[in-house]
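There are structures below to look over.
In the two assemblies presented below, subunit A is common to both, partnered first by subunit B and then by subunit C.
Our next item is the complex of A and B:
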């Protein structure tokens, strides 16, 4: 009788334990973006520091590197040099765009003045574009191919190597 | 006939164009609103209800309704707009799921393998009740000789009976192993 109870208990508990152990150490936030393989959500946003609105649709035919960032985000600071250099390197075949996430325009302006920039950053009022892209923190970078399809998403600071690989994957010349 | 086929082609093209509607337009993602546009207190109540079902993506296990983070506040504002426009709960959840994946739902959607999560606990509970009922109803073991027998009776074997009396005499101090009878008045 005791053995039967033990076996029945093990049958119930072991699969549960297996599920828990399998997912141990996995960050639930790092799931694959459902946008990958689908058309990138369109947007039309005003650049930091003024000027006419920039739209994704106007960039059709060119791979786009779309980087969500904020001045309060340390990893964004970390990757800033790689992105600035990357934008210069892949010009004019690949368009780099920044989207300011949950930050003030004045701060973004002074950040860019101080650290330099080689591509436009756009203001996302109300965070609507970030929501549509499913941004769950900064920095996050979306790689969009010439047909306007999302090819990949990278969460965290980009190194020049990773950036080069993902640009190549999106069809950008290297 | 030819005109008709041209017409069909044009219609198909128009359909394609419609299918390409911007995906930040909820209509292009989840279709036209299925509910009634809300406003005032009803709008706030409904917004809170739906936001409570959405996971705040920058928090740890908090709903959009409960989180004070700017991201959650932005999402809540978006929910409010969708509710005001008449989108129902399923449509709004589907809209956010398209951006954030199923992870954005705090409750697993009732579909496919997810049904296991909804059904298994109830099934387990019913199974447990069944097991308990079965155990209660199964025939009890036959009553043993000990029950319903006078504790002072003696075995039939005279030698055993003599031993029993001796034990009672030693244990209880009864002379001859026989309990003293209460004196009748």
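Our next item is the complex of A and C:
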């Protein structure tokens, strides 16, 4: 046994393997946002298809899944089924909210009529809410806990599994 | 039906490789003729089973059999046949299946080529190959199953990732990469066999080098083809971005290149055997690390396959193989006793060591830069990327150092050179170096690193040329004609040496071209209306028209740009913006026109056919075309060195001391 080779090999190899193991569960889509751990920026927006404005403040006490989307975005279409099913599954413990990003209300209405929806989507006139949240592209989803703090942010289409994991992290039990 | 057949073949391949590996190791411990024979039979049988599984998948892809889950995920009736064909490796499960095919081909070829030789090593080597094969069959049987039954059977599929349909290079780059990556399994097996057998004789270094050289040739081409693809498809005008997965292909190339040089020293002087074996093991482990990087979802990259559950499985294999390698090295490295000794002091020996040092340093530099963001995130949760500045700052001096060593090393005699010899060897090429640097300065090179690289480039080119020419001249002095002398000295006798210097010539051009193209390019971004013209260098570009084109699987807006150079019309170039049905963002395809010394590169930034406006990025990229050509030269040199020599000289040890620069006598050196 050549101890020097063993020690040198271990010194190179073990830290590398350790780093890889520690990063295994990592998903490059779950992006850190400066908002994480801070109170979610408040908003009060009008739902698609009419009705009184909805505010984030009125949902305090419940975890919120806030999904920025648009009809022109293919990945949004991809994740739509997962979100619709998720909203039904976690009702009424978790509130799902869509925010339409850079799109026309008429298109959003017909999209939701065609594809079905189980939670309200809100119109973000002028994209102010998206700017406050720092949305870089759609789809992007923010998970907010019952105390109104942002717990995580996910960029890209959500799968049912990832959605379930992130809802759980935000304190929403199934 | 088809899925069941495919699954059965994969299970058969798994069984054959597992049993075969066990039989092989057993027969390594107690060698018998029957054991050896059965070991070989299992190797061939595994190769046949996995090839049959690939044939079934190919049939399913071409026949659009959507009952096979993989075909349902990547197949489409709308795509051309060649795209259906390359779909075999375009997505995760298929790529592992294809990996199996390549591995089977390599294992069968190596088993056949070495069937009559080295009975003391071969069972161990085959055992290691088949154990690796068993792991990939396990992936195919479980975590990355390509032959799951799709139910209900869809009428059509989405087709492969559009970026992969965008350029025909995508049909060449991945197979090349697999041939390089997977091929490293063969020298890995041979090196493990040397350690397990507890010796590495002179005769066994030859197959080790040959089977290392073969995947090295493919890896060389794959690394550069990847860059070429990025250049022709991605539209930002560059060919290398230090993306984690690009780095993953470069890492084993660096260690394998170092290993080729160190193996030469082992073969010639009987030294550095343990080090050579370590580099070979490292090259294989780095290919597995690369596989993990592309398939685990841990690294964010254009190359990544979609996230999948096979990350942990590959990591477990990587960990097992790495720990096995370290333990094996620690236990057995002392048995690979040197048969000669290295000479201290100035001379080619020392330069070889320096070369290895720089290659290993380069490897660690790239490895650390690639992994560092993960460390930072694991420690304090911040996301960061190391990015180009780090890599460029580190890689430029290292690349220049390699170029310099490639010039100085071959110029010096073996052993210890006297200061008179050193002076005589190193002074003449200086003129060539200064000449090339001066020419660069006249043509506008001002960056000190570029000028230094040009100096080293001229220096090394001179030395390489002399080394290529000397043996021929020696024969011509004794009265042979040039053709005859060349054939005898370079092709019949000194083929490996000749091949090696051809590789050096190619590498010199590659490094110089990279230095020039990355510092001496010109680029301009302009907004144009239809009919407007602008000048860039010697070129005059006119935006003729924007046209919408509808194709079966995509819509495109094409910019027609009229080009003239120094007043001479060169026709139109058509960079375009493609919108695939399945993608949100449009994907630009640049237009590239290659001239002898430079490329004209046009890329659409934005285009509006209704308003007739175009945002265009126009670049003049000097010498980029030479990178592709010179890589071809490198590969050619590798092939020349690979073709076996007919002389018997190879089987006996080379003389330990060879007089300086008597090239033709230095049989088998390079």
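Quick note on the criterion: the second predicted complex is superposed on the first by the 143 of 174 C-alpha atoms of A that agree within 3 Å, B and C clash if a C-alpha of one lies under 4 Å from a C-alpha of the other, contacts with A are read in each partner's own complex, and residues count from 1 in each chain.
The rule is simple: a contact is a pair of C-beta atoms (placed from the backbone, for glycine too) under 8 Å apart; a residue touches a chain by one contact, two chains touch by 3 or more.
Owing to the predicted nature of the structure, the values given are computational and were not obtained by experimental measurement.
Undergrad: Given the touch rule stated above, what does A:43 touch, subunit B (first), subunit C (second), both, or neither?
TA: In the superposition, A:43 contacts subunit B only.
Undergrad: Just to be sure I read the superposition right, which of the two partners does A:132 touch: subunit B = first, subunit C = second, or both, or neither?
TA: first
Undergrad: Now for A:34: first (subunit B), second (subunit C), both, or neither, which partner does it touch?
TA: Touch partner of A:34: subunit B, not subunit C.
Undergrad: Counting only touches as set out at the top, which of subunit B and subunit C does A:161 meet: first, second, both, neither?
TA: After superposition on chain A, A:161 lies in contact with neither partner.
Undergrad: For A:3 in the superposed arrangement: first (subunit B), second (subunit C), both or neither?
TA: A:3 sits against subunit C, while subunit B stays out of touch.
Undergrad: Identify the overlap between the subunit B-contacting and the subunit C-contacting residues of subunit A.
TA: In subunit A, positions 28, 31-32 sit in both the subunit B and subunit C interfaces.
Undergrad: Which bits of subunit C are touching subunit A when the two form their complex?
TA: Where subunit C meets subunit A, its residues are 274, 292, 296-300, 304, 307, 311-312, 315, 318-319, 322-323, 325-327, 329-331, 333-334, 367, 371, 374-375, 377-378, 381-383, 582-584.
Undergrad: With touch defined as at the start, can you tell me which subunit B residues reach subunit A in the complex?
TA: Per the stated touch rule, the residues are 20, 22-24, 57-58, 70-71, 74-75, 77-78, 96-101, 103-104.
Undergrad: Where on subunit A is subunit C touching in the complex?
TA: Residues in contact with subunit C: 1-3, 5-6, 9-10, 13, 16-17, 19-24, 26-28, 31-32, 72-75.
Undergrad: Could you list, by residue number, the parts of subunit A that touch subunit B in their complex?
TA: 28-29, 31-35, 38-39, 41-43, 102, 126-137
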